[in-house]
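Chain nomenclature is as follows: A, B, C and D, assigned in order of appearance, with residue numbering initiated at 1 for each chain independently.
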Amino acid sequence: MVISPVQYIAIPLIAAFLIPLFGKLNKELVRIIPGLVLLYLSYISVVLMNQVISQNTMIVEIIAGWRPPWGINLVFSPFSGFLASLFSMLGFIIWMYTYNFKREVEDAQTEKFYVLMMMLITGTIGIVLTGDIFNMFVFLEITAISAYSLTAFYRERDGAEAAFKYLLVGSFASFFILLAIVLLYSQVGTLNMADIAQKMPDVNPYMKGVILMLFFVGFGIEAEMFPLNGWAPDVYTQAPGPIGAIFAGMVVKAGIYGLVRVIFTLFDVHEIFPLLMIMGVITMAVSEVIALRQGKLKRMLAYSSIGQMGLVLVAFGIGTHEAVFAAIFLMFNHAVIKSLLFLSGTYLVYHSKEKNISDLDGIGKSLPFTSFLFALGSLAIVGLPPFAGFWSKLYILMAAADVRLIAVIAIILAVSVVEIVYYFRVLHRIYFRERISTIEIKIPSFNAKISMLILAIVIIVIGVYPDLISGLIERAATDLLDKQHYIQSVLSVGLH
Amino acid sequence: MNTILIQILGALATILLAFIVGMFYGGAHRKVIARIQNRVGPPIYQNFIDVLKLYSKETSINHGVMQHMGPVFAITASITSLMFVPILTDGNWFSNLNFSGDLVFLVYMMVFGSLGMALGAGQTGNPNSAIGVTRGLSQMVGYEIPFVMAMVALMTQFHTTSITGMIAVQQQSGTWLMFSNPFAFMAAIMAMLGMFSYAPFDIVTAPAEVSSGPISEFGGKYLGMMMTSGSIFAFVKLALFVDIFMGGASNLVVLVIKTFALYMIPVLYGVISPRYRTEQAITYFWKWPLFFGFIAILYAAF
Amino acid sequence: MMNEFLMISFYGTAIALILIGLYATLAKKNLLKIVIGLSIADSGLNLLFMAIGYVKDGTAPIFSAEVVGKNVVMVDPVPQALVLTAIVIGFAVTAVALSLVMRLYRHHNTAAIDEIKNLKW
Amino acid sequence: MNSLILLLILMFGGALFAFILNKFVPALRDIFVVLLMLGVSYLFFSTGISNRLNFDVLGIHMQWGFTSASYLFGIIVVVLGSLALIYSTAYMKGKDRLGYFYMNFLFSIGAMLGILMSRDLISLFFFWEIMTWSSYFIVIYSGNDVDRRGLKYMIFSAIGAYSMLMAIVIVNSFIGSFLLEDVFASIFAIGSGYQIAIAILLMIGFGVKSAMMPLHVWAPRAYSESPMSYTAVFSGALSKMGVFGFALVLFNLVSTQNWLINEVVAWLAAITSVLATFYAVIQSDAKKLLAYSSIAQIGYIIIGLASNTYLGVMAGLFLAVLHAVFKSTLFMAVGAVERQVGTTDMTKISGLIRRMPWTFVATLISIIALAGLPPLGGFVGKWMLYEALITSGHYYLVIMVFLSSTAAFLYSYRILFGMFLGQEEPEFAHVKEAPLSMLIPMLILSGISVLSGSHPGFILEPIQSAMASFGFQSNLPHESWWELTVLFNTWGDKVALVNVLTSIVGVFLIALAFITIKGYKNQRYVTTKDISSSGEIIQPEDNMTFQIDFYKPFERAIWPLLKRKIDDYYTDFGKGLEALFDFVRRFYNGNGQFYAIYVMAFLALLLIAGTKYFGF
């Protein structure tokens, strides 16, 4: 079988619909199929990335024989490919974690869970791979609908409430994005992103501004930008643990991808960069500050996640090559580290009703392995060396320093101190309190341990030897910044 | 070989001198107080008799090694300090190790003894000793500061930190340093009141309440040695002040006159003063003496 | 004249629908009304898109024997295709929303959005 | 393989291995860590200062290698590290989480070596942070009151580290290189405002680790609550990393026009040392006392460095080395007492001198060194410091130092008296001397203290070459520093250490002989209950110990200074922040509709403002 980017979309989508059928054959297949699919996606990621990097091109896949700008196309560029690879590999690791997750209680719902999870992953990968703006909207909606449903997955929790808030705000996001697409189409008459980018200079500047603002708000909602992120903490809190990891690791990243793709490639309006940076700074400061005052573990992780996204926005907002590099690096690091935190944190508060941080008292003795990984993740996320988070933070600071944004540096660092405070508070509880709560403890299954261990090893290896991955990120950053190359590569496909 | 012998003889002579002068001054102190209080008082050589008696006693108990070594520490400190203080301005006889140390060293050497003695007092386990020691040390923090300020003022003024250097300065200019920098002298003299621990700063030994302070558990040879050390020490302080502020002494007669005059300051001040509590003593030192010291440094520096 | 009126009414209706929908979504307390508001706004947007794709005097964009080779004005086919997709998506979202509203009503025994505040701060 | 890499791999790999070993074969753990540390020490000493390693990470050029300055500090680290680990094997025996303890112990030592071998700012920061968190994990090892104490340490470390990081990235943005030599070479080419800012930010970072006021508030509890075997390293070596950093900044990054920085630093350090000494005096817990004393002593060191005179810097570095020696001995001794008696609260213990004589000897020697009394090394350092300050015209600074060191006599006596002297209570009759593996490190270090008094040359020799690498050329007439026995200041005044030593030892021996020879044999020991007591008969069960409110009069005298702690300001500030944060939280009020309204409002704002500010 020829490997092509379209398999990223097709295979998991088909698998998602086939899962119930397989479920009729054998219950176990329901759990195994997603893993096989994600493993295959990881495999093609490696192959395609290798191809892209070694040949210094981008792979543009034409769907249904219509070459751009008329048909829908998938663009496996260094940046989108990097994210797609990240999503599929992270997806595989999270699948490994979910393999035995809640097996005893949720067997009946397993099918739904995996169908939705596969759709969620398809949606996120679709968002980053597509080269068509309306197609991106569709994938965004696929992501969103499966995300709404997964948020409300547990009936006994307040999932429905969180999901409804998500839906309400998310509908606004899709509304604005669709509106923006509509207006954009009315201006340029095309939906292909490369084509739009090419024709953008002709657009009436006032219209351009309105469209950009609509996109900004729409994708800002998905990217959890303050003040559009009211839904986010609730959703992280209520979704099942591994789904929280997917949200933090993939869904938000896809939202940010949409935002920066629109800003950098489609519009290339440099006036917006300060706005992006300011919103990033506000997002980061506000949510880290709120995270400090949280009493619930997942909510704390959620705010922390939002804060990190703010940092990513800051880096993109600086807009230099170095900053974009740092931002993508941080996206990668955050995906890995926050996934680890969500995955291990889930087991730490597995049977706790309220998910309070105080329920963690002294759990380090009962769950040494999971607690250790959580601790490692905490150290990494606050950017302490020798873990992965350090390098991305360093690069962001360097980039900010190069354009003399001293105040931004100061805020980032001050917020990092806040971050340290709340993460270490949790660690204190885990390791240095006597266990008083009588909540039952859930020992992670073997596969869950393996999946978390993989993430931890990645964190340490990248932390000690960041050059392992910096080449890919470097190319991704170049790709994002080189608008002309993108346009040419996409539009020249199929010409001969 | 010969020089070493002379040196040792010289050192012994110095010690003897210091001991005798110190002892007589102690006697004089008692006599003066008695006279002022309209008593006859002990004879002026009474301290010699006491020390002699104490040395001839046989000590039969102790509370441990540190108590045994406490007096040794004390006398080591006083004799060593003595070695580094010039007694006479000219002549080699009493020069000892004058050129091997400076004022800063001497300040520290003078503390050495009290700390060593305090260790000995500590091991006795007598709470009175410990109380005396804490009072003494606290008070020391009080008076050291103005004293050091005075010293620093002089050092900066004349660009030397050695005592011999200061004597040389006075001999060259012909003016005593107490006139060259009167503020420093004021600060130092007020600090000296504390150094002697006579009234009103005698809460350290406070005979009425805490037996007799740090030495309350010492008797016999230990006490004798302490007294010897104390006398030598008194002489060291006086000689030091004479050297620094009063141009030194060219012969023994001048030395005795000058030191005695100086000595009478704390004695007489004490006679007419009630006793300060420790914190009062400290605040006393940290008011006017500190102010004078401050001015002295300003005066010296600009 | 007729066409301009048509255009204005298209745009006007679309914008009116959007505004009504947004008003309902932002001001009404009842969950169901909020969902309805979302739906209305969605319809308005779809209508807007259609209006944008409308070309004066255009016919349906179908390549039939009648039009091939002739200089016939057609409306833009792309918005129509997209609106179709958007309607489907809107339908799916509404379905999910309604099921959530049901769950919320069962759980909280109320449909007022300002009383469902278990998750905050 | 380059021995620098080998050194780090051994250290960090060994740390992890110790952790794993503890899980499976706990018996071998102690031997392993000690052997590892000895091996690393050997490797360290065999690694010269000429070894340089260049490599790139993420496009950042880095360089590792020791200079003679960092080598000096490296010697402190490996010597103290080895001795503290030997001490640890007995001290930590029977406690739990030993794998955790030793892992972080070795991590922090490795990180310190890493800091010292860093020739660029990024690896410096990298190892600095590793040192921070590994030491933090040991600080919270005991588990008491971690939330306040541990967090305080971590917050201040983080503030320090991040201000360093800020300075580092700003420097890089001007110079385009992180290499120390490049930075030193071109720092003065950049704007003077940035220059000062960089120096201050870096010094905040180093000031936190060296516990300089007002960044010291973490230190007392952190020092006192860590296991003593680690505190020996913590106070002895880890805080010296801050000193090392100060040296780097003050000598290389502060130009002579900015002499005011030197003055401010020196004064801050002086205030630190005075206040910390006062606090030390009023402590009744030996550990806390030593903790405050450490802060004060590091104050002296920094004063010396900031004086920027040859003698002053030499004094600072000498005191740094010596402080490492005697303060770690003291912490070890207190640890020994803690282990044998169970507490270090001096209001509870007394009269251990006959129970733990060797510990007492080590303590006594170290206290003499600490107090700066002749003839031990402390005096040498103090003398040089005073003379440097006086001769360079820091008149009032020298008074502060004098005040602090005079007040230091108080706590010096307190700690000796509190633990070893005074009444021998029957409840301590069973106490035994600490085991040999704890005594040996203490006695070795005491030996160094003694030797440094008469022959400071063996410490001054490496210091002299370290100073040469900082750019200070010797202006004193000495050919071989090894043989130095006479201290000189720039005015030509001197102290002949040999004469001092001869005099003191000679007189001491004669006097001792005089008092001992006749009749000591006939003397007998009587208990401390048998004392002069104005006629009262003291029973053995009567507690005559004088320990509570030991320096109450002094405390009353200095009370106005101590009334309001800096800590309280920080606490108030923290409370205010938390209230603010809680207010910010209200934004997420739980009503989904509000969130939708935020979205609309934000969009409206953007559309209105966008036309104005973004040029559409």
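As a working rule, contacts are C-beta pairs under 8 Å (C-beta built on N, C-alpha and C of every residue); 3 or more make two chains touch, one makes a residue touch a chain.
Keep in mind the model is a prediction, meaning the values are calculated, not measured.
**Student:** If each step moves to a chain the current one touches, what is the fewest number of steps from subunit A to subunit D?
**Tutor:** 1
**Student:** Among the chains here, which has the CA centroid at the largest distance from subunit A's centroid?
**Tutor:** B
**Student:** Given the contact rule stated at the top, which pair of chains has the most C-beta pairs in contact?
**Tutor:** Top of the contact-pair ranking: B-D.
**Student:** What whole-number Å value describes the gap between the mean CA coordinates of subunit B and subunit C?
**Tutor:** Taking the average C-alpha coordinate of subunit B and of subunit C, the gap between them is 101 Å.
**Student:** How far is the middle of subunit A from the middle of subunit C, if each middle is the mean of its Cα atoms, in Å?
**Tutor:** Spacing between the chain centres: roughly 29 Å.
**Student:** Please report how many Å separate the Cα centroid of subunit C from that of subunit D, as a whole number.
**Tutor:** 69
**Student:** Centroid from C-alpha atoms only, then distance subunit B to subunit D, rounded to Å. What do you get?
**Tutor:** So the centre of subunit B lies 36 Å away from the centre of subunit D.
**Student:** Using the touch rule from the top of the page, what residues of subunit A touch 2 or more other chains?
**Tutor:** Residue numbers touching two or more other chains: 161, 164-165, 168, 233, 290, 293.
**Student:** Considering subunit C alone, which of its residues make contact with at least two other chains?
**Tutor:** Residues 25, 34, 116, 118-119, 121 of subunit C each touch two or more of the other chains.
**Student:** Hey, how would you classify the chain contact layout here, line, ring, star, complete or other?
**Tutor:** It is other, because the touches fit no line, ring, star or complete pattern.
**Student:** Mind giving me all the chain pairs that touch?
**Tutor:** Every touching chain pair, ordered by label, is A-C, A-D, B-D, C-D.
**Student:** For the complex, give me every residue of subunit D touching subunit A.
**Tutor:** 56-59, 122, 125-127, 129-130, 132-133, 136, 140, 143, 146-147, 150-151, 154-155, 158-159, 162-163, 165-166, 169-170, 172-173, 578, 580-582, 584-585, 587-588, 592-596, 598-603, 606-607, 610-611, 613-616
**Student:** Report the residues of subunit C in contact with subunit A in the complex, numbered from low to high.
**Tutor:** 25, 31, 34, 38, 41-42, 45, 48-49, 52, 76, 78-79, 82, 85-86, 89, 92-93, 96-97, 100-101, 103-104, 107-108, 116, 118-119, 121
**Student:** What residues on subunit A touch subunit D, complex-wise?
**Tutor:** 161, 164-165, 168-169, 172, 176, 205-206, 208-210, 212-214, 216-217, 220-221, 227-228, 230-231, 233, 269, 271-272, 275, 286, 289-290, 292-293, 379, 384-386, 390-391, 394-395, 397-398, 400-402, 404, 406, 409-410, 413-414, 416-417, 420-421, 424-425, 428, 431-432, 465-467, 470
**Student:** Where on subunit C does subunit D make contact in their complex?
**Tutor:** So the residues of subunit C touching subunit D come out as 22, 25-26, 29, 34, 113-114, 116-121.
**Student:** In their complex, what parts of subunit D are in touch with subunit C?
**Tutor:** Where subunit D meets subunit C, its residues are 585-586, 588-593, 596-597, 600.
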